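Going in written order, the chains are labelled A, B, C and D, and every chain counts its residues from 1.
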Amino acid sequence: MNNDTMNNDGFITAGVNLSFNYAAGEAASRFLIALRDEKKIWGTRCPACQRVLVPARSFCPRCFVDTGEWVEVGPAGTVSAFAPLSPLLPGEGLGVRVGLALIHLDGADTALAHFIGEADAPRIGLRVVAVFAESRSGHILDIAYFKPTER
Amino acid sequence: MAGDGLLAACHGAMSILAGAYNVVLVVAHCKASMGDPHGITNWSYDPIFQQPLGLDDVATSALQASTLSLAPPLPCSIADGAAAIILSRPSSVPAPHLIGMGWALDEHYLGDRDLTDSPALREAARRAYTLADIDDPKRDITFVELSDQFDYQRKLWASVLFGKTSEVFETSEVSARGVPPFVAGLDRLIEVVLRLRKETGTALAHGCWGPCGQGQVVVVVRR
Amino acid sequence: MTELLRVSHTMTLSWRYGTSWYFAEFIRALRDERRLLGLRCPVCRRVYLPPRPVCGNCYAELREWVEVKDSGTVRAFTIVHTPIIDPTSGQLRPTPYGMALIQLDGADTTLNHYLAESNPAKIRIGMRVQAVWREERRGTLSDIVHFVEMNNQTMNDEQ
Amino acid sequence: MKRVAVIGTGQTKHTKARDDVTQSELVREATTRALADAGITIHDVDAVVLSNMELFEGRALPEMWVGEGAGGYRKPVMKIATGGTSGTSACIAGYHQCASGLFDIVLVVGWEKHSEGATQTGMALTDPLWDRNVASGAVGNFALSISQYVAERGVTPQQAAKVAVKARRNAARNPYAHLQMDGITVEKVLESRMLADPIHLLDMCPQSDGACAVIYAAEDRAPKLCPRPAWVRAAVTRHDQPYIGDLDRRLVTMRTLRDAAREAYQRVGITEPLKEIDVAEIYEPVSYAELAWYEALGFCAEGEAGRLIDDGITEMNGELPVNPSGGVLSTNPVGASGVIRVAEAVMQVMGRAGDHQVPDARLALATGYGVYAWSDVIILSTG
């Protein structure tokens, strides 16, 4: 953190470095540990609306009930929204990643926000599969990106 | 309080209705030039699954636009600004009267939502219409002022409110004018009030905030 | 029991704050002339330091500059023993240090600032103090290093 | 304008770090308990008001993520932050929402997860033009105000320590309280590390992870839903000028709390607060502040606060028990702290405070305190 003096234009500049450590809680921890240790993607089923929620979570936001059954989903799925990476978008300089997407994983009723990589012509409807990072730490980026399974 | 200034107007109106105050000053402000107005929106996404991807309002608006078969929108120009209105207990003064209000949140995870729709806006409008005793908004509402931080949103909100071919759709372009986030909704209310000082009618002012308009607020004013 | 994870983020932010006419003028006088300026309320006649555009009590616009001395009276004090992050440097500020609310001569509000003294037995409310200025002023409140008790010795300090 | 009562409360066990839940799940825990206490489901809730100091956890618009934890999907959700008064501000907002006639049932939830954040740095993000150059932290600022109060009123470190001891002894009977300090004594408080003269470590509040919820119902619903609802009799807010040096002898005069209390007492018809009020849950971030609040709230004449604690008037078995829950001195998840004050006052009026119940409490006072000398006063009663 630093707070500077007033410059000639009459402005004061300040910089801050802040660190935060967010508890993932039991459900998200289990989800992230499965990415790390088994390279598997899990969802949880809402006993009320029967939707399989991905990423897995402890309760259904619509029904406000505890989720019960854990359901393995993916690793393949279908792109349901896509935005190309650009200087304005995040993930620039991340190698093969070409865009940000919502991916409807097979067996899930919600989509997962993540990156698309190795794709020449990414689009909505594209079939993709998860590519896991070599080194994994129990983090959403243990999935490096999703790549096309078709041309 | 967090959210659009139009929500603060609702809060002020409720405080009056509760008998707590007679006159309430509502102020919204945003000094976006001080920092990084797009970068800061990354802080609004859940820190476990979405924030680490670097999501911000520009990126997720591009995602939302793609579901509407639109190209990634350019970020709106973001300005510094503030807006204020004064609310008073209903009186015989022929000022425009606030007759309906409603607000609601959509789900948080983008992948949980249907980004081509806005259940939160539907719900906000339903609540406002119920209070205003409006059963056919297309017929009963004379004009509308919508908030859009990205240009495609105006059409999306209008279609949610009035269907795809909306005749009451009539609004100035907030995004093009660069009204700051969190001020825009209250600014819509001011526009509506200014016009209702010149003509009679029933008008709708709209505000939204958060990822892809996760928060929605609607106020109905009549004179 | 499941292994429980935490997800870390480090955020780097920068801000650029406008100072407006009143603060810019205060800083200019402090930096270029080693003078402290307050603003007087036209209604209640209170002299405010820090300067600001309106009086919080009267909601009157403040326009009248008043020079305030760099000497004053201690109205409250403490010795801080627990280190806090100094916002100007990001480093922990070494402890202990004295801190006071000082009513500068000519002001109606008090200024929170550091004291050179960190022995509570040697500080008292009502004590007269004098600012010690940094030799090269940069245009911040930190151009006053701290305040010392007014006595003969004060006169020799960096004056 | 409708009469409004609280029909249910819920809180989490407050503690140093809740690794087993996210912020959203923490909020859901308090929400679920409040719903169960009120005997309703989330579908009965018409609107939600949230309270949190998001900067401490690096969030912006925290209601976006955490709103789901309060069952906020497609509901009217509003988020309020006013420093230490955030919780009581949210409670007053929720009360207004219900009294306005717009909503029958309103849920208010406050939370903080200090373990996730950079609270100290967050607090250092004060006015960049002025305060950042002369920072001494929250403790230092309190200490400055306290030195004036001590000088004028002559309260002793022992009297302040008695407040700290009372809080922690009371907390020992509250299963939700964060600090559980067996065998705390005045001597131990005075022997604890000096933070900033005259504040010892044990004079100060902790930083906690926790959430707390209250549920309001309008007059036509409350009696049907709750056998002994806690009716809101007054809810008053007062704010003051921003800089610490703006206020003349801040802790001594504390005009926001005096003014808010005066107006609240007037609305309820209280003329002798010490005699008439059965229990108080007041926001005391530091032991000395509680003594100052005794005077500002009219529990005693100016200069008599020390005698009040010496005579045990505010102890559990005294004439006016203050903070049976253990107060902010024992539990401080900032965004929740004000909600906890209201919830605890409600629990007393409802007769649901368990081991820290004040017998036959019928009229209860809750307050909020914010860093710029902001004050909220809320009064609740059985009828």
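One rule holds for everything that comes next: contacts are C-beta pairs under 8 Å (C-beta built on N, C-alpha and C of every residue); 3 or more make two chains touch, one makes a residue touch a chain.
Please read these numbers as outputs of a predicted model, since none were measured by experiment.
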Of all other chains, the one whose Cα centre sits farthest from chain C: A
Pair joined by more contacting C-beta pairs (A-C or A-D): A-C
Whole-Å gap separating chain A and chain C, where each centre is the average of the chain's CA atoms: 46
Length of the line joining the C-alpha centres of chain A and chain D, rounded to whole Å: 38
Geometric centre distance via CA averages, chain D-chain C, whole Å: 30
Cα-centroid distance, chain A relative to chain B, in whole angstrom: 28
Of all residues in chain B, the ones touching two or more other chains: 40, 43, 47-48, 52, 107-108
Junction residues of chain D, two or more chains touched: 19-20, 22, 58, 68, 73, 116, 121, 124-125, 128-129, 132-133
Multi-partner residues of chain A (at least 2 other chains): 1, 3, 12, 14, 16, 18-26, 28, 32, 61-62, 139-140
Contact graph of the chains (line, ring, star, complete, other): complete
Of chain A, residues touching chain D in the complex: 1, 3, 12, 14, 16, 18-28, 58-59, 61-62, 64
Chain D contact footprint on chain B (complex, rising order): 1-3, 7, 11, 13-20, 40-41, 43-48, 101-108, 119-120, 123-124, 127, 131, 209-211, 214-215
Chain A-touching residues of chain B, taken from the complex the two chains share: 47-50, 52-56, 58-60, 62-67, 72, 75, 107-112, 115
Touch list for chain C against partner chain D, complex: 4, 6, 9, 11, 15, 17, 19, 23, 48-50, 56-57, 75-82, 84-88, 93, 99-101, 109-114, 120, 125, 140-142
List of chain C residues in touch with chain B within their complex: 7, 9, 11, 13-18
